[in-house]
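Each chain gets a letter, A, B, C, D and E, in the order it is written, and its residues are counted from 1.
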Amino acid sequence: MIGAQGPSYGRVAGEGLDTTHGAILYLEEISVVFDGFRALNKLSLDISVGELRCIIGPNGAGKTTMMDVITGKTRPTSGTAFFGQTMDLSRMSEHEIAHAGIGRKFQRPTVFEQHTVFENLELAMKMDKRVRPTLFARLSSEQRGKIDEILKLIRLNGSEQRLAGLLSHGQKQWLEIGMLLMQEPQLILLDEPVAGMSDAETARTAELLNELRGKHSIMVVEHDMAFVTEIAQQGTVTVLHEGSVLAQGRMAEVQADERVIEVYLGR
Amino acid sequence: ADTIKVGILHSLSGTMAISETSLKDVALMTIDEINAKGGVMGKKLEAVVVDPASNWPLFAEKARGLIAQDKVSVVFGCWTSVSRKSVLPVFKELNSLLFYPVQYEGEELEKNVFYTGAAPNQQAIPAVEYLMSKEGGGAKRFVLLGTDYVYPRTTNKILRAFLKSKGVKDADIDEVYTPFGHSDYQTIVANIKKFSAGGKTAVISTINGDSNVPFYKELGNAGLKATDVPVVAFSVGEEELRGVDAKPLVGHLAAWNYFESIKNPVNADFIKKWKAYAAAKKLPNAATVVTNDPMEATYVGIHMWAQAVEKAKSTDTDKVIAAMGGQSFKAPSGFTLTMDATNHHLHKPVFIGEIRPDGQFNVVWKTPGPVRANPWSPYIPGNEGKQKL
Amino acid sequence: MLKKLLLLACLLYAGFARAAIDPAVLAPLAGDDPDARVAAIAKIGALATDEATHLLTALQNGDVYATPDGKLYFVADDKATDVATGATGPMPEGLDGVMINNRLRGAIEEAMSALKMFSPDRAQRLAAVTELQKSATLAQAPLIEKALAQEKDTDIRELLQLVAATANLQSPDAVKRQAAVAALVDSSNANLRPTLQTMVTSDADEGVRVAAAHTLQALDSRLARTEFVGNVFYGISLASVLLLAALGLAITFGLMGIINMAHGELLMIGAYTTYLCQMAFRRWMPDAIEWYLAAALPAAFIVTALVGIALERTVIRWLYGRPLETLLATWGISLILMQAVRSIFGAQNVEVSNPAWMSGGVTVLGSLVLAYNRIAIIVFALLVVAGVWLILNKTRLGLFVRAVMQNRRMAGCVGVSSAKIDMMTFGLGSGIAGLGGVALSQLGNVGPDLGQGYIVDSFMVVVLGGVGQLAGTVIAALGLGEANKFLEPVAGAVLAKIAILIFIIIFIQKRPQGLFAMKGRSAE
Amino acid sequence: MNHPSLFSRRAWSGIAAGVVVLAALPLLNLFFADGHALHVPSYMVSLIGKFMCYALAALALDMVWGYAGILSLGHGVFFALGAYAHGMYLMRAIGRDGVYQSDLPDFMVFLDWKSYPWYWSGTDSFWVSLALVVLVPGVLAFVFGFFAFRSRIKGVYFSIITQAMTYAFMLLFFRNNTGFGGNNGFTDFKRILGYSISAPGTKATLYLVTLAVLVGALVLCRWIVKSKLGRVLQAVRDSESRLMFIGYNPLWFKLFVWTLSAVLCGIAGALYVPQVGIINPSEMSPANSIEMVIWAAVGGRGTLLGPVIGAFSVNGLKSWFTGAFPDLWLFALGLIFILVTRYLPRGLAGLVRKEQA
Amino acid sequence: MLQVEKINQYYGSSHTLRGVSLELEKGKCMALLGRNGVGKTTLLKCLMGVLPVSAGSVKLEGRDITKLAPHQRARAGIAYVPQGREIFARLTVEENLLMGLATHSGKKAHTIKGEVYELFPVLKEMLHRRGGDLSGGQQQQLAIARALLAEPKLIILDEPTEGIQPSIIKDIGNVIRLLRQRGDMAILLCEQYFDFAQELADQFVVLSRGEVVASGAQAAMNDPDVKRHLAV
């Protein structure tokens, strides 16, 4: 699996990332405390290279907070977070983390509202993102082709000159997924990707994820059980509760777990 | 043309409007007065008023506009030294005339400028001499308190040299500056109080107009009376006191070349005209208008210029300059003032007044006659022999 | 009618009864010789009669006039009373005020305080003794002893003893000097320092030198403490001014997000309203002039609130959601308001005087004067802060205000009329600025530029505290006030100001969201 | 892609027309005598020369404010520092023609200084002073910006510290002892590179240089905002944190435009001094910096040409009003500001751009 | 209760709603369905008055409210749960709930009914936390609770289940059912979660490109014709 090249986008583990032990992300004993409230409580978790991991759990379990820790938005109160064997996420800034290969879709769609759909994708595109290269950047035809490809995938072709701020909620969700793909990250974090999508759209998203499976490492947070079942397949599903792992296992096992039913699924 | 244009370059807005607005009005009044008597060389004067808005580069622009566009023969204007410095190159380049009516720090002499305000030796030095005299309280220690800009800094430099020449030691001089618009004088007044414990102390204030009210209010708060620590100010006159409850200030001093309270027929006439003018033009607060030193200097300046033009029979700059030398005018101060041909400054009498509860001044000391200006202060090294143009 | 005549007769008689000062003593007063005039004052003071007191008071108040031939008259209500004879008649020709200057005024004060030491009125005696403390000389020692012998009041006695000791510092008798120095060990009169210092170094007597050194040390440490307390007080007082200037802005800018460049002009309007109230009182209720501020406060609040509401309705309401544009529009408003005031009231400052109860101060720790107007403003600032806090946090209006400012559209969807709330909030902020203006009018200039002097400081206070954080605004004002007042004695006002600005820049580096930064997700 | 050219054809023709007209003014002034129908008064030429400097400053400000969303309330300090840097040369070029006939400037003689302080060294060279014009504002901006942006100071917090900075500099320069002429600043210049500063030819040259710099700056800025970097800057303005999550470090992007803007502003100041004839600390007063913001806002922020138009119109109106209605002009100007915000939310430039929306 | 007649809406020049009409009775629940970007949210905003309509009318209990501002509509009895939650981020949870009572007065305006805590126990735990600090799902719960507190005649829900955990979705379903049964409220439910909508609705409307393309009673929701409009 390591080093496998996808046909169009994607790379599993790129340059500079040491994944010799098979895992791409390690969280160890992470705690996050807000004014005395423990949003994460000694959370330990790791994601293998190429894995698609589903995370579920009640509202307020700490799923988004966990993603905040991984992407550098929130500093853990204690514990360690490593990307590969060597990159200590708690010492890196947001853009360094992003540059190292972690991409994220936020729970609430966040796009550059004053930029067109095209520009949003262009900004996200993988390239040297320092000042000078940006100043002299010119789109190659290959890159342009890439953007067109993604535009089709997220079904916003035809809308590429619209301002992103004018898109509907669901369209923004898609645009954000498109931006994520443009970044070609090694690890993709998706926070409720199908919230606000119709059932048909949800199905398409599931399809897309299944296609990406194995080309990237992916972590998905969702409350839509049908969707989770669809993409989890035989993989691991982790249930968070009150800031730590409550249960972990195949989807069917987890769904049958009494505690999970109690706190999350309901009867 | 059948009129002679004169420019009036005083800030009507911005921070300096507080002081300069009334100079514009006095200038207009004086021009009306001259016109009523038939004008100059049979022509009426036409005032061109512009507002440089307390903005120094705008002063230069407006000066250029007045001279080059409006073709005025002379400009009456400026208050702060920096505004004067800003317009100087313009007057030199276009060879035109400026009459500057405000007391200033000296260290300047320009062919194109006539200075109708006081040089340091016509205001600051006599005031300090008075404070040191027995009658003035026999001050031994001095607080030189000013706003942080060139006029106070320069004046204080001259005063320090002067005090030293009189045997006052550095330890007995405290020099303190505040930023423009400073409004909290608690610490400074406390320090003055502390300093004054060391012997008879006087404060020499070159505080810029706006900060004076908070300063005097704080003095009153701290219970420092004029009999304890007299303050002599060079920028506080009748116009400034109009905005203050003067009762707590009674006995503090100011040195000028003119006070409204001076009693003589010329002054009575001047005051009467001004009050009438204010009422006729419905100036704001017309009922309480007062006259002050720079207003008198403006009045004198315009009249002298008119006389000089009559004498030169021309408004040509060089001819008027030549005619200005030795011009004299019976001024509201009660003296006949003469324009010095060699240094373009007026010979002026010096008065020291104590503040009265009604905001006017009691003259407590005056020079026997007009004093010649020393724009190049002898207390500044290197100025020897620089008294002429 | 008859009654009136009788009264007049009595008054006349009283006038006659006063006629007891030798014209020869009086004569120099009308003359030109300063030394002779000072001597005359001393002589009159030495008479120690009611007539002498009356004359000295009248001199001090400028009520004494002289004719060219050297006769003195009291003048009141177009009647002149001859000082020497007490005869009252019409005003003689050529009457002119007897000129007094500081030197003469000083002499009069000295003479009066000696007289007042024996006054039956405790307050007068206290004032006289306090005055004497500044400069008691050996010559006055007998007088002081006499007063001490008569004095019953313990407070005044204590003071008198200090005064006596001060006078005795100059005594030729070393024992007396040493006793005096020792007695002064509890004094906090800074004026003693030079004398003590000379004594420490050059007194002939060893014992006096030692005692003087001891007293000087005690005095210095007391003065240092006083200075410290003074700085703290000055800092609080400056803080209260900054706070009053900034509070309105904390609402219009902090809460509503309007970069209100016209805030300073609202302060100014508040101050001008105060001025108008004062004028109205002078004109129609001169007896109640002391209390004009009581009317000025509500009036200023209402006037500025109405101005604010008018601005909100006509200009600002079009700019919600475009905060940066508010800068441009309010700048325009500020130009217009300033010029309007200039056109109506003139470019010059107008006079606003402190009511008598706000002038002067209370002396603590011996020499520190806490001015009444400063104290009043500190208390007032506290009251205004408390009021604003209550409105914003404890009322439904406050809740709606905060809700509208955070999410105008959603507030509408739950049934709050944001237009109304916007109007009221801006009105409230403006009204508070008006109250600030009332306070500022008591400390400094009231002129068209008043606001310009405070606008920069106000923004600094609000931003430093953290936009939208009332508590932050208060702490920031306090911090800036104290920092300023502790730096100023060391660095001078100019460098202190520069240092404060640099401090602000550095502080914001540490706390990029101000003192009371919003934490957590809601901050984004 | 969709930005084929720097300016639209219409904009290009507008700019070209503007440049031709502006360039013609000093020539008409020089070649037609006073009284001739085509004569342009020198008053007008010097006025426009001054406005062009203001326009350059407004353009610089718009780069940071309009594009990167960084509102500076302290750009006056860069303008003034550029002006002072150039002014030092002009002061030294006075030589012994000052009132004290010393090699030192008058204010130094007056303060009893015997030689130039170290920070004046090299300023007798025109080229050193040019370097300083770029370096002094540039380095100050770089250092200030580096710390501020690294601490992630944004929005009004940033605006306020820029205001504090310019205010502090103003107070510092007011002091005589700082060595820059105190409140009076530098004035009464005599010559530049040996040419008399009041000679018509020198004035025309300065004017044309200013015009060239302004046009050059306009093209440079346009090129920058049209590049991908320009789009990153706008993303900084709209959602800085989002930008970090796709791998850009906003610090360097902000620092780049911030420093560039300061340098442009400094150059504007340097061109301003010899034309206006005075530089003093009041240029650093907070109100002056706010006025620059006003120019940009009136013209239309985020449009490049807008600030240029804004600087010309606001200052033009001010010049006209202060002469024509000295008592009432503030009402008129204030009203214009209000009306522009109310009815032209995108400034004067919005008038032109309306149909594009 | 609610009558919408031929409303049209434009964003600039793009015609987003084209003659949409619908009618909803008291005590009934209507599901509003449609793909992403067809104009559902736009329609709901028009009903709430957040967006103006260019033509057509909206009536509530026979009263024409087309020209009313949102706050007036709220006072007329409409409550709204917007897409994207729109919590007052810097108000506490409690204050957010009090905002739901903004249309009430007197004592009623200060009492938060205990029922909402039963439905959303987490809100009670977090009463003093700032709204903006809550997790996404918690905020959604808060938004629903806020609308319920207003005791409206018509409640408009824009994707209320978005981001909420399954067990609570069930609870929300129960509440809607309860409200429907009580019969004094009309419910307009825009929902992507088809099964959920189907379970609760009495009738439905499907939008496509701003037009009503299908509508009917609940039973008809499974028609392939309807499903076709929802498929990609």
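Quick notes on this structure:
We take it that contacts are C-beta pairs under 8 Å (C-beta built on N, C-alpha and C of every residue); 3 or more make two chains touch, one makes a residue touch a chain.
Per UniProt, the chains are A = Urea ABC transporter ATP-binding protein UrtD; C = Urea ABC transporter permease subunit UrtB; D = Urea ABC transporter permease subunit UrtC; E = Urea ABC transporter ATP-binding subunit UrtE.
As the structure is a computational prediction, the values presented were derived from the model and not from experiment.
Highest inter-chain contact count (C-beta pairs) belongs to B-C. Averaging Cα coordinates per chain and for the whole protein, the chain whose average falls nearest the overall one is D. Centroid distances built from C-alpha atoms place E farthest away from chain D. Centroid analysis (C-alpha atoms only) places B farthest from chain A. Centre to centre, using the average C-alpha position, chain A and chain C are separated by 65 Å. If each chain is reduced to the centroid of its CA atoms, chain B and chain C end up 29 Å from each other. Between chain B and chain D the centroid-to-centroid distance comes to 35 Å (mean Cα coordinates, whole Å). Looking at chain B, residues 12-13, 148, 177, 179 sit in touch with two or more other chains. Listed for chain E are residues 133, each touching two or more other chains. Multi-chain contact residues of chain D (touching two or more other chains) are listed as 171, 174-175, 241, 327, 330.
On the chain B side of its complex with chain C, the touching residues are 12-15, 17-18, 20-22, 134-137, 148, 176-179, 181-184, 186-188, 190-191, 193-194, 197-199, 210, 213-214, 217-218, 220-223, 226-228, 230, 239-240, 242-245, 247-248, 251, 253, 283-285, 354, 356-357, 362, 364.
Residues 259, 261, 315, 318-319, 322, 324-329, 331-336, 338-340, 343, 452, 456, 459-460, 463-464, 467, 494, 497-498, 501-502, 504-505, 508-510, 512-514, 524 of chain C are the ones touching chain D in the complex.
Considering their complex, residues 48-50, 69-72, 74-75, 79-80, 82, 86, 88-91, 95, 98-100, 102-103, 109, 130-133, 146, 150 of chain E touch chain C. Across the complex, chain E is touched by residues 396, 399-400, 402-403, 406-407, 409-418, 468, 518, 520-524 of chain C. Residues of chain C that touch chain B in their complex: 34, 62, 99, 101-103, 105-106, 109, 134, 190-191, 193-194, 223, 227, 230-231, 234, 237-238, 241, 338-339, 342-354, 359-361, 367, 369, 371-374, 443-449, 452-453, 484-485, 488-489, 492-494, 497.
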